[in-house]
Structures are given as structure tokens and as C-alpha cells.
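Okay, structure first, notes after.
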Amino acid sequence: MSLAVAKKGAITSIGPSAWRPAVVAIAILLVLAALPSLVDPYQTVLLTYGLIMAIAALGFNLLLGYTGLLSFGHSAYFGAGAYTVAFIVRDLGAQSMELCIVGGLLGALLISALFGFVCVRHTRIFFGILTLALSQVLWSLAFKFFWVTGGTDGIRVASAKLTLLGGFVNFAGPGSFQRFVFAYYYYVLGLFALATVIMWVIVHSPFGKALQAIRDNETRASFVGISVRRYRWIAFVISGAFTGLAGVLWVPLNGLTTPDILYWPFSGEIVFMTVLGGFRTFTGPIVGAVMFNYLKTYAVASTEYWQLLLGVVLVVLVLALPSGIVGTAARLAARFTRGTS
Amino acid sequence: MTIFIIQLLNSFFYAAVLFLIAAGLSLIYGVMRIVNLAHGSLYALGAYVSAWVVGGTVGHAASGTLGLAGLLLLLPVGAVAVAVVGAVIEPTLLRPLYRRPEEYHLLITFGLLMILEDAMKFLFGGTPLTAGSIMDHMGSIPIGRLLYPTYNLFVIAIGLIAALGLWWIIYRTKFGVILRATSQDRRMAAALGLNVSRVYVQAFAIGCFMAGLGGAVVVPAQAAVLGMGIEALILAFVVVVIGGLGSLEGALVGALIVGLVRTAGIQFFPEIELAVLYLIAMAVLLIRPTGLFGRA
Amino acid sequence: MSLLETVHLKKYFGDTHAVDDVNLTIEEGEFISLVGPNGAGKTSFCNVVSAYYSADSGKIIFQGEDVSNASVTQRVKAGIARSFQLVNLFDDLTAFDNVALAIFSREGKTRNIAALARRDSEVTREADAVLNQFGLAGKRNELARGLAQGERKLLDVALAYALRPKLVFLDEPTSGVSTRDKGQIMDTIASVVRGEGITAVVVEHDMDVVFKYSDRIVVMHQGAILAQGTPAEIRKNEQVAMILIGSSGPDAFSRKD
């Protein structure tokens, strides 16, 4: 047990060698970059979804893993990003994906700043209920104001009309979807890499340390001079922005945004994938999101009762592997290296 | 005036059902400090089982001999079934987690929710089930120049009886004393020789029974449909947040407030009816984090 | 000008007068021990001055400024720090990170979101120096939760010290450790505090420790100050002896090193 604890700390604290994870990260990135030419387009699309959700889970875990706040309403920021993009494309006729990203991020920032301001006044279960209730407000509005949001039909965002990199890449003409899928994968991969680096810096910055201090001991954090509530709020907004970015990127791929992504079970999925990977590790949410995406896709494809299947997985996970895939793997690896050395 | 009375009765009907659900949720939280995300699904399960039993019985020729009273007696079967499910869930899935942070409680009950939702889809199919024959049997009574279903009044009465019954159990029986002692300090209760594990199973089963009863009484009036549990859970949350998590009085007052606001909302501001409810819950959390009747 | 002055400070919990009209003046550089039986209000006094609780009434003047309504973080920034009776650490961070965090916070660097904490060589050097001063250099990379009780006690004090406070409250820095470790911990604390000229208020039960290290002893009883003076004066005070003997056993005064 003490071994597990020590390992957990070693991951959250700053190890002496940063170059090794960097080398591993670059290797993984290269493999990911080579993948579309090795697998069929469907797999590429799946992986794109996985990477997008990884950005959302990374953002979510800044709150859960690093600040100790369990949000059950992250669908709100994902949805805020997605709907802002849909509005920009539909109402402003914008085509540039970069414009969509800027707009969507602003939308998600606005909502998360507003909701966060309210939510960080509480912790623990009340924080969870507040985030849940607020996300439901957004859902019910999207659901009921159908003349703005399209109601349950949602809003279509045609990928063929979008352009990437300031108009440099467009998808007009034949084979539009295949070309979009291919180019968009790299687009998402690039942003995913960027988001991961930014998040890595954040959690290893003095600010990130302060968040972990708040997570471990709120009282003591204030007694070393950290304004706990303000830091929680900032973490909340950053977290919302990451999840919002995921929402932004998700829309063109899905081609449609509906109130489902604002509904609270979607928040539950974000929690699920983060725990699946392991919320006490940096890479856990990434692994969890990609895995969850595959798991859900195959569950949905193989049975009508995919929810039941996922539910069983979650229950087993919580009972048997509470530290998630990455946490458990790290523990096993530590035991293995200790055993051999 | 007649319309007003009918609307008032509608909100009481609604509040009665909500109270049954929310009281169970609140009881479980009060005793075990677990927020059960699957609570709405247990309510839906109660609805399905009751509708299935009553509907199945009506389908058979013998039902003629059963009459209204017989059907009414069959109705609580759903509640009992849910209580049994609860008594199985608590020791197997929840008990290993009491020492873990509350994130895990939320996660496991979320997993349970997913399982229950699909299990109901598997068992009862996608078609709505109803026990409407009970409502038909009971007929209606005149209010002003309009007719109002007698069954709705029956449900309001059930809600009141349940509130009184729970109050009696909690404040007037030996079991209630044990329940309150355990809820205040689990370790102390164990040190005093109380069988905490048994209290937990009982409390959880009672909470589930309440949810199931809510489902059972609702099916003669409204069909059991997929997804009803999730909607109910969110509304029950609003109720307990307004009233105070863990408080019986809170659940009652919260249910009345939500019932009234909802009825008024459907009438006057249908677009933002749900949003208004969530905003009320939020306002209460900000001004009085423990709810109107909650303790810190 | 005194460093700290409390004026008619009061804090009641229902019928319990935890801090009852306390007027205490603390001069810069003093090493003060706060003694008294359990429930005398020693910890409550520290809690009120450090803003852990808000006072019911009265004033707290720190360096000539009224800080009665200042928040915890404002008082920390002004130079009031504290440790805790029940150790309060960041358990999932290493000993080094615990101390480094206090330094980052003091320097206003926790706002820094785009720099790597470990790249800050100034803070690293200082945090290592602090760990060294408290004899914790060897435990640098251990998680706080994995340290022994005595080490945790020292780390708790080190966190307060790393804020470079002008006034530090140490609430029973040696409670829960063996008698042998007690002297070592107090020696470490006293040498650091005196060496840096920090004003310290120490809550302590062990009268040997109190007499050995204090410049001034303040005796509290039922929320109020009963007596204060140098160790020699307090030794002679029979009223104090009665109260302390009544609480901490007949050995309180008789033992000598």
C-alpha cells in the first residue's frame, strides 16, 4: 500500500527527469501521426473522437484530480463550445475553423466563468449538485428554445463548408468527406498535443502546485496565503475552456449538435472516462477517453443494451480498479521493477 | 376558480409523487451519506413492475373477480420489488465503498443507473406500460363544473400518509432512534453496539421502497416510459436541495414548492419551467447551502 | 510600537468563553509561551489572531494596523503565520513541494500558470535551505503523509517559517512526539526562530520546555490572561502553580533538567 501511495505522489509531484516523458510523448505522437495511413478511415474517425474527448477529460481532471472538485456538469462547457460554433456557422456564415475555435472558446469561457463563480462557493457533494443543476439549466434552455437551438433536432454544421488553417485547407469538390476526415485528424491531433502540453505546464506550474495543495488541505492552503476560492474559480474556468475546446472540435466531425451533449448523462460519461483512465495521474484521462470511446462505440455496435455493458464496466472498475487503468499499470510497473532490481 | 382548484390539486398530486421519491433519496443520504444517482431509476423500476403486474392481471379473465380493491392491493408490488433490489444492492455494491471518497459513491450509483435503465428496456421493452384500469375504475368526482379523477386525490392521500408514516417511524419508534443515532455518528453507533450494517441495509431498502412506491402510484395516472427515472432524479435533486439533503420536512416542503412551481410553470412559462426550477435550487444553495430544513 | 496588540478580544462559543477580554501586547523578537490548563483558550487565542475564527468583538492591531477584519490570506501576507496542533500538511505532496509552495505563495508566484515550478532555482534553493534548517533535507522527496510524527511536526513549522513571517504561532509543536524527540524539535525551532529574529508565540504543555526556551510566559485560564512574566517570575507565582498543577499533574514544577 505504501508503495502505491509513493507512486501516486511521484506522478503528481515533479520528478527530476522531464526528458523521459517528453521522449515517450513524442514517440506516441509519431505513432499517432502515422496511423491514418495504416488503418481505414473509420478507425481514423474513431480516434479523432477519442482525441477530442481526451481534451475534454484533461480539462475535467484539472478539477477532479488536481483541485479535488467533482463536477457533474461538464456537459455545459462542452455544449457551450459546440453550440457557439453551430451559431457562428449558421448565423454568421463563418467557414474558418479557427474563427469557430476562438468563438467557441469565448462561449465556453463565458459560461464556465459564470457557472464557476457560483459553484466554487461549495465543495464536495454540493459542488457536484450545483454543477449538475446549472448544466441542466442550459440543457432545458437548449431543449425548449427550439427556434434558436433547433430543439431536439439540433443544428447541422456541414464539414464540407469549413476551412482549416485560415482557408488554406478546404473541402470543396469531390471526395469531400474523406479529405475532411484525413485532414481533420491531423488538425485535432495538433490541437490535442498543444492542449496536452499546456495542461502539463499548468499542473506543473506553481499555480498547479497551489491547486494540489488546495485539494489536499484547503485550510492549510489558505494559511500559506493562497486565496482558495479564487484559485478554484480560475481552475474551473481553465477546465471549462478545455472541455469547451473539445466541444468545438466535436461539432464538425459529428456534423450536428443536439441537446444530448448538454444533458447530464454526458457529464457522467466525462467522469466515467476520467476514472477509467485514473484521475490521480496526468495521462489517465487521455487513456481513459480514448479507451472509453472505443468501448462505447463497440458496445453500441454490438448490443442494443450498451448502457448496461458500460454500467457493468463502471461498477467493476470502481470496485476492483479504483485507481484506473494508468494508475493500476503504474502500480504494477513499480512492483515489477522493484521485484527485478 | 374551478381551474385554480384543479391546478392546485394537480400540483399536490405532483408533489405527493415527488415527495415519495425525494424522501427516499433524502433518507438514504441522511443515514448513509450517499447520494444515490440510481434513485430515479429505482422509481422507474417501481413504476414498470407495478404497471406490469396490474396490467397483466387485468389482461387475465380472472381479474373481474379481483375488483378495484384487489388491483389497488397489487399496486405496491412494484415498491416491494424495488425494496428487495435495494436490499441486494447495498451489501454487494455500496458497502465496500463507505471508506472511500464520495466520488466513488457517485460513480457506482451512476453505473447502477446505466445498468437499471437498460435492464428495464430489456425486461419491459420500449412500449409504455400503464395501470390505467385502476384510474378508470375509480372514476371521477365533480369539482365545480369539471370532473377530476378520484385517483389523483388518492395519490395525494398516499403522499400524506407516507409523510406521516415516515415521521412516525423516524421520531416515534425505536428503529427511528437507531436510524438517527447512526446517521449522526456511525462509529459511535457501532461503539454502542448497534448493528450498523443492518441499519444501513434497512435504511437503503426503505429509501428504495419509497422510490418504488412513487413509481407504483404514478402508473395508473401516467404510463411508465423509458427515461422517466432520469427526469425524476433531477427533480428529486431539486426538491432535496431546496428542502435540505437528509431532512424529511425538507423533502415535503421542497416537493410542494417544486409541485407548485412546476404547475404554474407549465401554465405560464412553459419554455423556462425547468430552468426556473434549477435556478431556484441554485439560489437556495447559495443563500442557504443546507437547504431550508437541512442541518450543517 | 508593539508588534501585536489585542484589545478586549473576545470569542465565545455559546456559554464557553474561549477568549474572554484578552489584552495582550507582544514586542518584536520575543519568544512567548502560552500556557494554561486544557480549555484555557490558548489555541482559541491563536485561532482568532490568525483568522481561523473571527473574533466576536475587540481589536487586533498588527504593526500599528487594525487587522481585525482581515482574511486569513491578508493576515498571512501581513506577516502572521502559524502551525497547527493537529498537523496540517499537504499530504500528497512531497516535503519539498510543501515548503516550496509556501515560498511560491509568499512571493506571489502561485499566480504563475505558465512556468514550471521546478525550474525556479531561487525557490528550489530556498526550499532546500529551509528543509535543511529543520533537519528534513533527507526527506526532501518523501510524501508528507509518509513522514514520522516528529518530522511532520517540524514540516508544519517549516511551512509557517518559509512564509518569513514577523509573528508565528506554534500550536503545540511537540505534541504527540516522544520526550526524546521533544527537546530536539524545540532546539531546532528555537534556533531557527531566534536566529531569524522572528517573534514566536508557542502553545506548550510541557513546563520544562516552557521555562527553558521562553522570554515571557503568558498564563491563560478560562479564556482570560491570569498572569504573565519571565520564567523566573512565573515560577514564583503560587496562583499559577495551583492552576497548572491542578491540570498537568504534580510534576509540572518539580522536574528540572
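Going by the order they are written in, the chains are A, B and C; count residues from 1 in each one.
Convention: contacts are C-beta pairs under 8 Å (C-beta built on N, C-alpha and C of every residue); 3 or more make two chains touch, one makes a residue touch a chain.
Keep in mind the model is a prediction, meaning the values are calculated, not measured.
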item: Chain contact graph, described as a line, ring, star, complete graph or other shape; value: line
item: Of all other chains, the one whose Cα centre sits farthest from chain B; value: C
item: Length of the line joining the C-alpha centres of chain A and chain C, rounded to whole Å; value: 43
item: Interchain centroid distance [CA atoms averaged], chain B/chain C, Å; value: 52
item: Centroid distance [mean C-alpha coordinates] between chain B and chain A, Å; value: 34
item: Complex contact set, residues of chain A against chain B; value: 64, 70, 72, 118, 121-122, 124-126, 128-130, 132-134, 136-137, 140-141, 143-145, 264-265, 268, 271-272, 275, 304-308, 310-315, 317-319, 322
item: Chain A to chain C touching residues, read off their complex; value: 2, 5-6, 8-9, 12-14, 18, 201-202, 204-210, 212-213, 215-217, 219-227, 231, 234
item: Contact set on chain C toward chain A in their complex; value: 50, 52, 72-73, 76-77, 81-82, 84, 88-94, 97, 100-102, 104-106, 109-118, 120, 123, 141, 143, 145-146, 159-160, 163
item: For the chain B and chain A complex, residues of the former touching the latter; value: 35, 37, 93, 96-97, 100, 102-104, 106-108, 110-119, 121-122, 230, 234, 237-238, 241, 245, 270-275, 278-279, 281-282, 285-286, 289
